[in-house]
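Look at the two complexes coming up: subunit A is in both, with subunit B in one and subunit C in the other.
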Partner chain A sequence: MKLLDVRDLTVSFPTKKGPVLAVDGLTYHVEPGEIISLVGESGCGKSVGILSLLGLQGPSARLSGSALFDGRELLHASEKHLSTIRGKQVACVFQDPMSSLNPVLTVGKQVAEVLRRHRGLSAAQAKKQVINLLERVGIPAPAQRYANYPHEMSGGMRQRVMIAMAVACEPRLLIADEPTTALDVTIQAGILELLKELRDETGMAVLLVTHDLGVVADIADRVIVMYAGRKVEEAEVRALFADPRHQYTRRLLDAIPRRGGGGDPGRRLSGIPGTVPTLHESPAACSFAGRCVVASEQCHTAKPPFTESAPGQAAACWHPGAQTGHAATGALK
Partner chain B sequence: MKNALNGTSPASTDAPALAVTGLTKHFKTAAGTVRAVDDVTFSIGKGEIVGLVGESGSGKSTVGRCVVMLSPPTAGSVVVDGVEISGLRRGGVRRLRTGFTMIFQDPATSLNPRMQVSDIVAEPLVIHRKGRPGERDRRVRELLDLVGLPHMTAARFPHELSGGQRQRVSIARALIASPALVVADEPTSALDVSIQASILNLIKDLQRDLGFACLFISHDLAAVEYVADRVMVMYLGRVVETIDSAGLNERAAHPYTRALVSAAPVPDPDEQRSRTRITLSGDIPSPLAPPPGCHFHLRCPVAMDVCRDRAPELLPGSGAGHTVACHRVH
Partner chain C sequence: MVRLLARVGNALFTLLIAIAVVFLGVRALPGDPAVALLGEEGDPTALETVREQYGLDQPVIVQFVKYLQQIVTGNLGESVRTGLPVTDVIAGAIPVTLELTAVSMLVAITIGVTAGVIAALHRGRLAGWLVSVAALIGLSVPAFWLGLMAILLFAITIPILPASGFVPIDIDPVAHVAHLVMPSLVLGSAFAAVIMRQTRAAMLEALTTDYVRTATAKGLSRRQVVVKHALRNSLIVVVTIVGLQLGALIAGAVVTEQVFVIPGFGKLMIDAVATRDYPLIQGVVLITATAYIVINLLTDLLYTVVDPRVRVTTGGAA
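Our next item is the complex of A and B:
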């Protein structure tokens, strides 16, 4: 049984220049206990695509499609229904822990609030439980830290508090939107490790939104690549890195600097020329065609269907196999 | 390129592009003195790119700002192209300013939104009264060509450009007066991956063609390794290791550098999941009260008693140009 089943999700925002299509027909699902990653660059719709699941998309957004959590519809659900799910069965961790925590309450109180609200624990029970949770997420001296205000903690510690709050009610799905982007790499490594441990222990699924392919390589089981509001590729993590089937994924992997071989003057990254198209309409073409080096006429006139190339791997690309390695694109800047 | 638009001629031809000795920067705050940079010494050869890496609070940006005198150092000397600039008054620094320029992280906030691109790029020439208007226009077009922007960009305003194009404008502005030294502070951190690659390539190409020296500050090890000839690692205000980029993976000796290298994720699932990670406990201590001895000893997995008492000196390690400040190594 799919834990989360999103079908044809479309989110648009009205603007003076006409509606902006932030998410254009996004379909994906999450299995219990799975770590699935939504990857893409700024403006690809990855964050809006998950915020809209929880009614956090903003008042002006227009939604269509469907998103079933455990068989029950989330889109257009009543606030009352959503509030029984949010925080309890589906929890969120956001990028910047400083702006997600209340600066005038101690961190202990904030985590305790979740337990009292959803589990009906007494103040004393909740405090005991919070100290256990803080210890579980790797905060040293949790009993003392309970009384700290957010500003008294470092960024990494604050993100651990956010995670403690998110997992307090043992959610079945944790949505993490760029949870390590604001953190240093040595701290990031610890947070990713913690997410994996919590998944292994509690069997919760994790829906991780990130732009960092290194993070994806570290933690994801399955990956969904988004471009200009659309899903362009979906694959098991190893297959995606070994044999990307969409030209955008391929070019994105070629664009990241890799460790090793430093100081070699002959080494060259290949960037992607051009910029992301505006999202004012849903083009009847591949959204990436304008920046793609192997684009043919077909790519500019017909939207490529989402086609399975191997079990579990599918892409929306007319030229999934075309090779554009470093050698072929060396001349491009 | 010898004309009135080019920078000041070097005072001495064999001096390094940048020589920094004993650089110290303290900030007085209500809570006490923040020791952002603590006795940092290094040099950058002519035409060399040196990467400066470290985590937030390591002092890497402060070093960059002190080097170009945006923030005058508390102590120590900064010599650019044979000329000492650290003791100069404001006017003296200003006269020499075309020789050392800066590229900032966020082009959205470092470009004046009310100026056209042509005026932004030409401004260093205008301020320093270099060249006639016609020459300046020609030079602006030259620079736009160099950074890969079409000439029609000249009449645009920053908000009409994409992030990558804006960063190209900042690079053009930084290079128009032919500086001997360019400090680039996280020039690609605000950009998407696909755009980042072209900006890194651009910096590399321009440096090769124009021969300026560059201090490339970043938290991204892979980007630094790609661009720089040599990498300098900072921790809590001090340089802990300097090593050529090629040796960063295998020959890095300082436990902090090794932890940093092991924590940066590799975009390859098989490799990433089979690596052994050095996990650091705790956080970077406050620069208000840095620990005694080696600044890293509280988080160091191999700390000894001596590390708590005495700060290690930056001494030669293995191979040319390798220096490391660690009691375990020496």
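Our next item is the complex of A and C:
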């Protein structure tokens, strides 16, 4: 049974220049206990795509498609129904722990709120459990930290508080929207390790949004690569890194700086020229065609189908095998 | 603690400057207080005696030091008109005004914060629009006009409230409250409008913050999200406004007390000016300045209660 089954999710925002398409027919699923990573560069629709699952995308967004959680529809669900799922079945950790905690309430109270809301605990019972939770997420001296305000904690500690809040009711799905982006690298590793441990302990699934392929390699079981609101590739994490099937994925991997690795030490770091286009309607073409070095006539006129190249790996690319490598990068300069 | 003392010291220094300004201001006014007291036809020797009696023949700096000495001992001189000690006259009027302003402020906060939250939650819809229009009217209508209209409506057309006057609480508590209803509503309405607009703006901002999204993502009810998370943060702004407006409220009390014939501080001030009662004017202005300074100090201190980030940390933070 799929824990989360998203089909043809489309999210658009009305603007003065017409609707902007943020997510364009996104289809994926999450199995229980699995860590799925949604990757893509800024503006590709990955955050909006997952926030809209819980109705957190902002009032102006227009949603279509379907998102079944445990067989029940989340899109267009009533606030009342959503509020019984949020924090209890599906919990969130957000990007910026500096602004995601309420500055005028103690962190202990903010975590306790979840338990009081969903478990109906008294203030004293909740406090006891919060202290255990804070300890579990690796916050030293949790009993003292309970009474701290967010501004009295470091970024890494705050993110641990956010995680404690998210896992308080042992949700079946944890949505993590760039949980390590605002943190420095040493702290990042600790947070990712914690997420993995919690997954192993509670069996919750994790839907992790990131633009950092290092994070993906570290933690994900399966990866979904997004570009301009569309899913362009999906694969097991090893397969993706070993043999990317979409030109965009290939270029993303090329853009990772590598130390040593036996390559040419003088080689320029490869980038992808251009930016993600802003879409007003779903184009009848590959949306990456404009930035792709191997793009052909077909790429500009027909939308590539999502085709499986190997079991568990599929991509929407007309030229999945074409090698670009460094020569192509040089040619682009 | 050190910061607290520094703030109090700061306030005291401001007060000293205020006293100097009042003192010099009164002396800079055209006309001789002795003449004002005895009249244009006053006997020159009598004028001389009065000047000596009030120390007016001495250099201003000497007068100022003497006045400061007087103030420190709690003596503000005697009213020229009635001969009563200025402190007694003011002490009699202050509780009346304090009660009026306190009740008005309570009315203003209750109406203003509630309306501000409603306006923010219903932005772009009829309810939000109605509240905003009501606030605009509340802001634009002068208190004296609103007061007169209220008297016309609730005391004459539908006689359910007394038109004017004041009854001390120990004489008749019911009449006391009845006499306060209209003045406090009139005085509070303009401030309710100011508070409403500030609350609305602060709420609109708070509702788009990440921590409100976090609160929603926790599964809290809309009501909990609004009251516990968004409103609590918006109140920081409201506290500032209330502090700033308290001074203006006392100024507004001058007009309201005049319209409703309430023997408060504001009416005392107008009467003192009308009768050129210099010691009384000086006392009244001094007390007003003190009130402003104290209110500002209290507002500063109140921040630390509402907003823990301003609180002086006593270690343990990382």
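The rule is simple: the second predicted complex is superposed on the first by the 324 of 333 C-alpha atoms of A that agree within 3 Å, B and C clash if a C-alpha of one lies under 4 Å from a C-alpha of the other, contacts with A are read in each partner's own complex, and residues count from 1 in each chain.
The working rule: a residue touches a chain if its C-beta (ideal position, glycine included) is under 8 Å from a C-beta of that chain, and two chains touch if they have at least 3 such contacts.
The structure presented is a predicted model; accordingly, all values stated were derived computationally and were not measured.
On the superposed subunit A, the positions of subunit B and subunit C stay apart, so the two partners fit side by side.
By the touch criterion defined above, A:243 reaches neither subunit B nor subunit C. In the superposition on chain A, A:83 contacts subunit C only, with no contact to subunit B.
By the touch criterion defined above, A:135 reaches neither subunit B nor subunit C. In the superposition on chain A, A:113 contacts subunit C only, with no contact to subunit B. After overlaying the two complexes on the shared chain, residue contacts for A:157 are found with subunit B and with subunit C alike.
Looking at the shared chain after the overlay, A:170 reaches neither subunit B nor subunit C.
One of subunit B and subunit C touches more residues of subunit A, and that partner is B.
Taking every C-alpha of subunit B against every C-alpha of subunit C after the fit on chain A, the minimum distance is 7 Å. Overlap of the subunit B and subunit C contact sets on subunit A: residues 154, 157.
The residues of subunit B lying in touch with subunit A in their complex are 55-56, 148, 162, 164, 192-202, 205, 208, 219-223, 225-226, 228-229, 231, 244-249, 259-273, 277, 279-280, 282-284.
Note for the complex: subunit A touches subunit B at residues 41-42, 140, 154-157, 184-190, 192-193, 211-218, 237-238, 241, 251-265, 267-273, 275, 333. Contact residues of subunit A toward subunit C in the complex are 54, 56, 79, 82-88, 91-92, 94, 96, 99-105, 113-114, 117-118, 144, 148-149, 151-154, 157, 162, 165. The residues of subunit C lying in touch with subunit A in their complex are 209-211, 213-222, 224, 228-229, 232-233, 236, 306-309, 313, 316-318.
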